[in-house]
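Shared chain: subunit A. Partners: subunit B in the first complex, subunit C in the second.
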Partner chain A sequence: MNAEVKMMRTAAETQYADALGSLPATGAIRDLRAKALSDFIEKGLPHRRVEEWKYTDLRVLMREMAPLADRPDASAIAEAKKNGVLANIGAREITFVNGAFAAELSNLKGLEKGLSISTLADALAKDPMLPQLLAGLNPSKYDAVYALNTAALNEGVVIDVAAGAQITKPIHIRHIVTGTKPVSVFGRVFVKAGKKSQATIVQSHSGPDAVAYQTNTVLQLSVADDAELDVVRVQAEGDKAIHLSMMIGAAGAKSRFRSFTLTTGASVSRHTVPFAFAGKDIRASISGATLLRHKQHADMTLEVDHALPGGESRELFKTVLDDETKGVFQGLIIVRPDAQKTDGRMMSAALLLGESAEMDNKPELEIFADDVQCAHGATTGALDDDLMFYLRARGIPKKEAESLLIQSFFGEAIEQIENEKIRDAVMLRAGKWLAERSVK
Partner chain B sequence: MALLEVRNLQARVEDKEILRGLDLTVKAGEVHAIMGPNGSGKSTLSYVLAGKSDYEVTGGTATLEGEDLLELEPDERAAKGLFLAFQYPIEIPGVASMTFLRTAVNAVRKKRGDEELSTPDFLRFVREKAKELNIHQDMLKRPVNVGFSGGEKKRNEILQMSLLEPKMCVLDETDSGLDIDALKIVADGVNRLRAKNRGFLVITHYQRLLDHIVPDVVHVMAKGKIVRTGGPELAHELEAKGYAAYENAA
Partner chain C sequence: MPAVQETVERVKSIDVDQYKYGFETKIESDRAPKGLDESTVRFISAKKNEPEWLLEWRLEAFRRWKTMSEPDWARVKINPIDYQDLYYYSAPKTTAGPKSLAEVDPELLKTYEKLGIPLREQEMLAGVAVEGRSKVAVDAVFDSVSVVTTFQEELKKAGVIFGSISEAVKNHPELVRKYLGSVVPVTDNFFATLNSAVFSDGSFVYIPKGVRCPMELSTYFRINERNTGQFERTLIIADEGAYVSYLEGCTAPQRDENQLHAAVVELVALEGAEIKYSTVQNWYPGDSAGKGGIYNFVTKRGDCRGNNSKISWTQVETGSAITWKYPSCILRGDNSQGEFYSIAISNGHQQVDSGTKMIHLGKNTSSRIISKGIAAGVSQNTYRGQVSAHRKASNARNFTNCDSLLIGDKCGAHTTPYIEAKNSSAVFEHEATTSKISDEMLFYCRQRGLSAEEAVALVVNGFVKDVLQHLPMEFAVEAQKLIAISLEGSVG
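What follows is the complex of A and B.
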C-alpha cells in the first residue's frame, strides 16, 4: 500500500493543468513549456506550509483559474487605448491587450541605434539560443508563478539593447486587460542590456475594476558588465484582480541597476524579485511603495543574492495599509562566501492606517562571508499623534494633515526613481490614491 | 467682549488632575504673561486651549470671542484665530516647509472665507515675513524643522504665527533654549505682531523674556490655577524672590 499523503488538487490546479496542457505546443519553446507544466502538475500552487508563501496562501486565495483570454477584438483595443496608465512620460510604448501583442498600440518605428524590440515569437524565430537564455534566468527553486508563466509561454517581448547603446527614451511595456469577464492573462518580457549600455524600462499593469481577472507576468533582466538599467513598475490592476508577477534579474560586473514598483491595484498581488549579483562591484537599488485599501492583499518578496565581492544593494520599501488590508514584505539578502566587502541595506517600513490592517515583515540575512556590512530593518507604526496635532494646530484639517504625513512616508521611496518625468507621474498616481482615501 | 475667556477650567492627563479651576480673561490688544514653577500646569493650559487630545477637560469653559473653543477640533480652533507657538516644535521629515506653510495658510484662509493665495502671492508673502525674522530661504527648502537649531525652530514658530494672522497667540516657553540674540529676534517678531485686535498669552518660567515682550498683565500660576495677578512689576518680584512661596501655597 502507498502510505504517501497526496494533496488533493484544487479546482484552479486542475483548470491550469487542463488549459495550459491543451495549448498548441510549438517550436523551440515546446520543451520548456512541457517541463514547466509537468513541474506544476507535480507541485501545484503554493500554500501556507511553503515557507516563501507563508503569508500568501495561493491555494486559498486563487480557488479557480479564470479562462484563458481570447485574442483582443477591435472593441478591446479601443478600450485599452483609453485605459493605459503613465501616458505622459514621453516613452516608447509597447502594448499587450489581454496578453496579446497589440501592434496598433505599440510603437516599433524609428528604433534608436542599438535598440531592437521584437515580439517573443519573432525573437524565437531569429535566435535559437533564446529559449536557453530565458530558462537561465529562473528562480532558484520551484515557483508556481514562474512554472505557470513558462507553461503558458507564448506572448511577450524581447528588448535588446546593444553594447554601448544609450537609450534615453524610456521603453514602456503596458499590460492592459479589458472587458467585463474574468480572464487569465500571461506575459513575458525579456530585457537584455548589453555591456556599457543604458536604458530605462517602464512596466505597467492596468485593467477594469470589479472584474476578477488574473494576470501572470515575468520580467527577465540580463544586465551585462558596466551597463546601467532602470526599471519602474506600476501595478494598477483593477480592484478584483489577482496579479502574480516576477522580476528576475542577473547583473554583471560594475553594472548599475535601479528598480521601483508602485503597487496600488489588485485584490491579491504577489511580486517576487530574485536578483543575482553575478559580477563584482555591482550597485543595485530595489525599492517600492505599496498603497492598499479596502481588503487588498499585497505581497512583495525579494531574494537578493550576492555571489561576488564589492556589491552594494539598497532595498527600501514603504507600505501604507488602510482599512482591512494585508501587506507582506519578505526580503532575503544572501551573501555568499566569495562576496566579501558586500554592503547591503534593506528597510521595510509600514504605516498602518486601518485598525484591522495587518503587515507581515520578514527580513532575513544569510551571510557566509566575513568582511561584509549588512543591515536590515522593519518597522510598523501608525500616524504619529504629535505630528498630527502640530499640523492640525496650524489649521490643517485632519484629512489633509494625514495626506501630508502619508505622502512624506511613501515619498521617500518614490524619490528613488531617477527619471524625473516618471517620478512625477508615479507621485501623481500615488497622490490620486491619497485623494480618493476617505478619512475616518 | 473678552477675546479669550477661561472659566473654572479643569483638565487632566490620564488620572492626574493638572488644571484645577483656572480663570483667565484676555482682552484684545493685551499681552498677558503666565509665570509659575515647573509642574504648575502652564504647558497643559496651552495644550488644552489648542485641543491636544491627550488632555481631558473635566470641567469649566474656554471661549474665543464668545465661541466655545473646547467643542472645536484643533484645526477649527486655528481657523478661528487661536495660535499655539510650541515649546518644542516638532520635526516633520519628508514634508517640505513651503508645502506645509502653504497648506496651512490656505486651509485657514479657506475656513475664514478668504481666497486661497496663488503660488507667486504666497511666495511673496512668505519671503517678506521670513526676512523680518531673519529666516534664510535655504531653511524653507528643508523639511519642516528638520535639522533646525533651537533658535531656528522658534523663529519658524513665529513665522507661522505671522503667516496665519491669528487673533489670540499662546506662546509656550518660547524663550527656552534661546540665547540672547535669538531671544531678541523672536521678541521683535512678536512685538511686530502686537495689535489692538490681537491678544497674547506668554507662558514663561523666567522674567528675561518679559524684558523684551513687555506684558500688560502678569499672572502667577501654581498647582493648576492662577494664584496671583499683577502688573509687569510682578515679574521682577518673582525673578528676585523665586517661586518658593507659591510651590507650597494654593
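What follows is the complex of A and C.
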C-alpha cells in the first residue's frame, strides 16, 4: 500500500500544458502565469492519493480538457442575455460570456461614490502592484485549480470599494457559458473592500445543459479592517459541466464577512474556500446548500485559518442527495498558537434521499491554542419516518410531505443570507429544484 | 470520589520526570544477532521450532516488507528508525519452557511483583477472599517471549485455550493457521507486515462455542532489553456465542534511545460472540526533554464475522513517545456491533495519533465511538477515525463523540474524522469539541479549597468518566491514577 506510484501524465494534463503554454503572454502577469504553468506541469491534476482531493479524483473525473473558448460573437451575447440567473435582485450586473467580459451585458455607469470596477486588463494597466496583490491571496499550498486559473489569467474584473464607502446595491458578477460545443472557460474576480466599507457581491454561474464544458473561476477577497462584506454564490451550471472554483479570502481586524453558496449545477463540481483570519476579533460565517440529483458529484472544501485572537467563525452546510449522487464536505478549522479566544463552530448535515447516494464528510480541527471553543458536527441520514408519518397522517401527499421536510432542512442554511431580496431569489431557485424532483 | 483524593496524593509525591515503571531488570538474555534479513526471520522461526508453513508465511511477509516504505500520513514527527540497528529477538535465558512458577527465574518474578502483576495464583486467590475481586488469568510477555500463563488448569476445564501464540502454533496449528492473518493480512501496512515477519510471541485465546470465559484474561507486556524491538502478535477467537474480556498492559524501562514496538492484534468474533478488549498502555514516554521513549506502532483490528457479534475496544493511552494506533472493527455480520472507547493523554513531548475505524458491511450494524483526548505540555494529540457504510450495509448506525481538552498553550489537539456513507439508510452522527478547562470550573473548585492540581485532576476525571466506566473495575482504578500521574507537571 505504501509503494511509490509514478504517475503518467493524463491527456487532460498534456492538453492544459499545451493550450495554456501557447497563450500570448501579456506584460506584468507573464511571470505569474509562467510560474503557475510550470507548477502545474510539475504537479499535475490531483488524484485520490492527494489528501485534499481524496473524494474527488480529478484525474479520473476530468479525462480531457475542452478546447479554450473563442471570444463570444453576437449570437453568443444574445443567448447569454436570455440565460442569466438571479435577474431580479436589483443588482448592478457585470457579465462574462464564455470567459470574456461582455460590455453590452454589463452596467458600469453611474458607479456609487467610492466604488470602482474595471476589467482585469484595465486594472493591470493602471495598477502595477496588482499582480502582487493577486499572488498574495493564494492558497497556502499547491492547488491545481488555482494554478490552472493563474496560468490562464487573462479575463476578469477588479472591484475596489474605497475606505468608508457603503455600497448598498449588490454587485452581481455573472459567468455565462453559451453554445453547444464543449469549451474551457476561466475567470478571475478580485474584490478589495477598504476599511470600514460595506458591500454585497453576488456571483452566479450558468450554462447550457447537455454540453460538457469546463469552468474554472477564482474569487479573491481582501477585506480590510472594520469592513463588512457579503458574498452570495449561485452555481447553476449545465448538467454535463465540470465546475472548479475557489473563494480565497483574507480578513482584517474587526471585519465582518458572510458568504453563502447554492450548488445545484454541474456534473462534477468542486468549490474550495481557504479563508484567513488575518486580524483580531473577526466574525465570519461561511455557509451553503447543495442540492444534487441524477449522478452529480459536488465537493465543498473549506479551510478556515484563525491566526489571531478573538475570531468567531460559523460554518453551516446542508447537502441534499437524490438518486446516485455523491456529496463531499471537507472542513478544516485551524487555530494557530496566537489565536486565543477563538470560537469556531462547523456543521455539515446531509440528507440522503437516493438509495445509492453517497456522502463523505471530513470535518477537521487542528488546534494549537488552548483558550478556545471549537466544535464540529457532521450528520448523515435519510428523511425521518416519524415526521413523514405525521405529515401523511394529516392528509399531505407524499411528494408534498417530502418537499416540506427537505425545504426545512436546507432552508436553515439559506436563511444565513442577510439581503432579503437575494435570500428570496435563492430560496426560489432551491424551490424550483424541489418542484422538479421526481418522487419514487 | 475517594479515588480522586488518592490520585491527587499520588501525584504530589512524584516528580515530573518520574516514570514509575522505569527500572531495568538485570537478567541474562538470549538474543538474535542485530539487524534484519532473511536469516533473522529464519532464526526466530527456528528458535520457536515453527512448522514450515509459518516460516514461509514470515518470509513472504519479509519480502513484501522490503518493498514498502514507512507511512507518513500521521501527524507525528519520527526520528528515522534504523531497522538494522535493532535486536528482533530477545528472550530471558531459562531452561526451555518453565512448567511451573517454581522454575521461572526469580528475577523475573520480582519484576512482575514490582509492576504489581500477580503471577502467583495462590496469592491472587487469597486476594479474592480479602477484597472480593474477580480472578484474572495472566500471560506475562517479557521482551520477545511469554514467560508464564496463570490459571491454566481452570481455563482448561472450561475449554478455553489461553497461552502464548508459540505454544498455540504447536498445540493447535489448525486454529492458528485458519485465523492468523485473516483480520490483519500480511500485506496490511508497513508495521503490520514487519510484525508478520518477525513476531516473536504474544497471546492466543480461543473460547469454544457457547462458553463464557470464567475469568478475565490478561496479558502483560514488558520491554526490558536495550535496543530491542517488541513485536508481539495477539490472536483472539470467540467461537459462536462465546464471551471473553481481555486486558492488556504494557510498560518498559526508562532509556535514552527510542525503542520500537510494533504489535498486531487480531480479534475474530463468530456468530453471537462478544469480545471486550481493554488496554492500559503505559510504555515509557520519554523524559521531560523528549529524549527516549517507546515508538508504539500498533495495528489492532477486530472482525465481527458472525451475525449478532460484538467487539468492544477500550483503551487508556498514557505512555509512549509516539502512539500510532487505530483499533478497528469490521462489522461484517448482520446486526453486529462495534464500540471504541478511548482516553488518550499526552504530556511532555509525547505525540499521539490514534482513533478507530468502523467499517459497516452487514445489515443493521451499529457502532459507537467515544474518544477523549487530553493534551498537556508541548504534546500533540490527534484523533483520526473513519466510519464507513458499504452500499449493502442498510440501517448502519454510528454515533461518534470526540472531545479534546487542552492544558497549557503549547500543546495541540486535532481531530480528523472521515465519515463515508454509501447507503441512504445509514444514520451517522459525529460531534467533536475542543476546549480548555474552563476558568469557572477551576474557580469553583479552588473556592472550595482544592489546589490548582487537585482541581484539574477532578475536572479531568469528570471529562473521561464516560470511557473509564467501560473498563473492568480493577483497571478503572488503575487508569484513573495513571491519568493523574500522566498529567503531573502540566499545571501552573
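We adopt the following convention: the second predicted complex is superposed on the first by the 434 of 440 C-alpha atoms of A that agree within 3 Å, B and C clash if a C-alpha of one lies under 4 Å from a C-alpha of the other, contacts with A are read in each partner's own complex, and residues count from 1 in each chain.
Here is the rule we use: contacts are C-beta pairs under 8 Å (C-beta built on N, C-alpha and C of every residue); 3 or more make two chains touch, one makes a residue touch a chain.
The model shown is predicted, which means the values in this text are computed figures rather than measured ones.
**Q** Once subunit A from each complex is brought into register, does subunit C clash with subunit B or fit beside it?
**A** Superposition result for subunit B and subunit C: fit.
**Q** Answer with first, second, both or neither: which of subunit B and subunit C does A:Gln132 touch in the superposed model?
**A** Touch partners of A:Gln132: none, neither subunit B nor subunit C.
**Q** Of the partners subunit B and subunit C, which touch A:Ala350 in the superposed model: first, second, both, neither?
**A** Second partner only.
**Q** According to the stated criteria, A:Leu405 is in contact with first (subunit B), second (subunit C), both, or neither; which is it?
**A** first
**Q** Counting only touches as set out at the top, which of subunit B and subunit C does A:Asp360 meet: first, second, both, neither?
**A** The second partner, subunit C, only.
**Q** After lining up the shared chain so the two structures overlap, which partner does A:Asp385 touch, if you call subunit B first and subunit C second: first, second, both or neither?
**A** Touch partner of A:Asp385: subunit B, not subunit C.
**Q** Is A:Gly395 touching anything from subunit B or subunit C once the two structures are fitted on A? First, second, both or neither.
**A** In the superposed model, A:Gly395 contacts subunit B only, not subunit C.
**Q** Look at A:Cys374 in the shared chain and tell me whether it touches subunit B only, subunit C only, both, or neither; answer first, second, both or neither.
**A** second
**Q** I want to verify the contact counts: of subunit B and subunit C, which reaches more residues of subunit A?
**A** Touching more of subunit A: C.
**Q** Please provide the least distance in Å between a C-alpha atom of subunit B and a C-alpha atom of subunit C in the combined superposition.
**A** Closest C-alpha pair between subunit B and subunit C: 15 Å.
**Q** Determine where on subunit A the residues touched by subunit B overlap those touched by subunit C, and list them.
**A** none
**Q** For subunit A, which residues are in contact with subunit C within the complex?
**A** 1-4, 51, 321, 337, 340, 350, 352-382
**Q** Which subunit B residues qualify as touching subunit A in the complex?
**A** 50-54, 73-75, 77-79, 83-84, 86, 89-90, 92-95, 99-100, 103-104, 107-108, 111, 143, 160, 164
**Q** Touching subunit B in the complex: which residues of subunit A?
**A** Per the touch definition, subunit A meets subunit B at residues 385-387, 389-398, 400-401, 404-405, 407-409, 411-412.
**Q** Which residues, counting only subunit C, touch subunit A once they are in their complex?
**A** 67-71, 73, 187-190, 391, 404, 406-436
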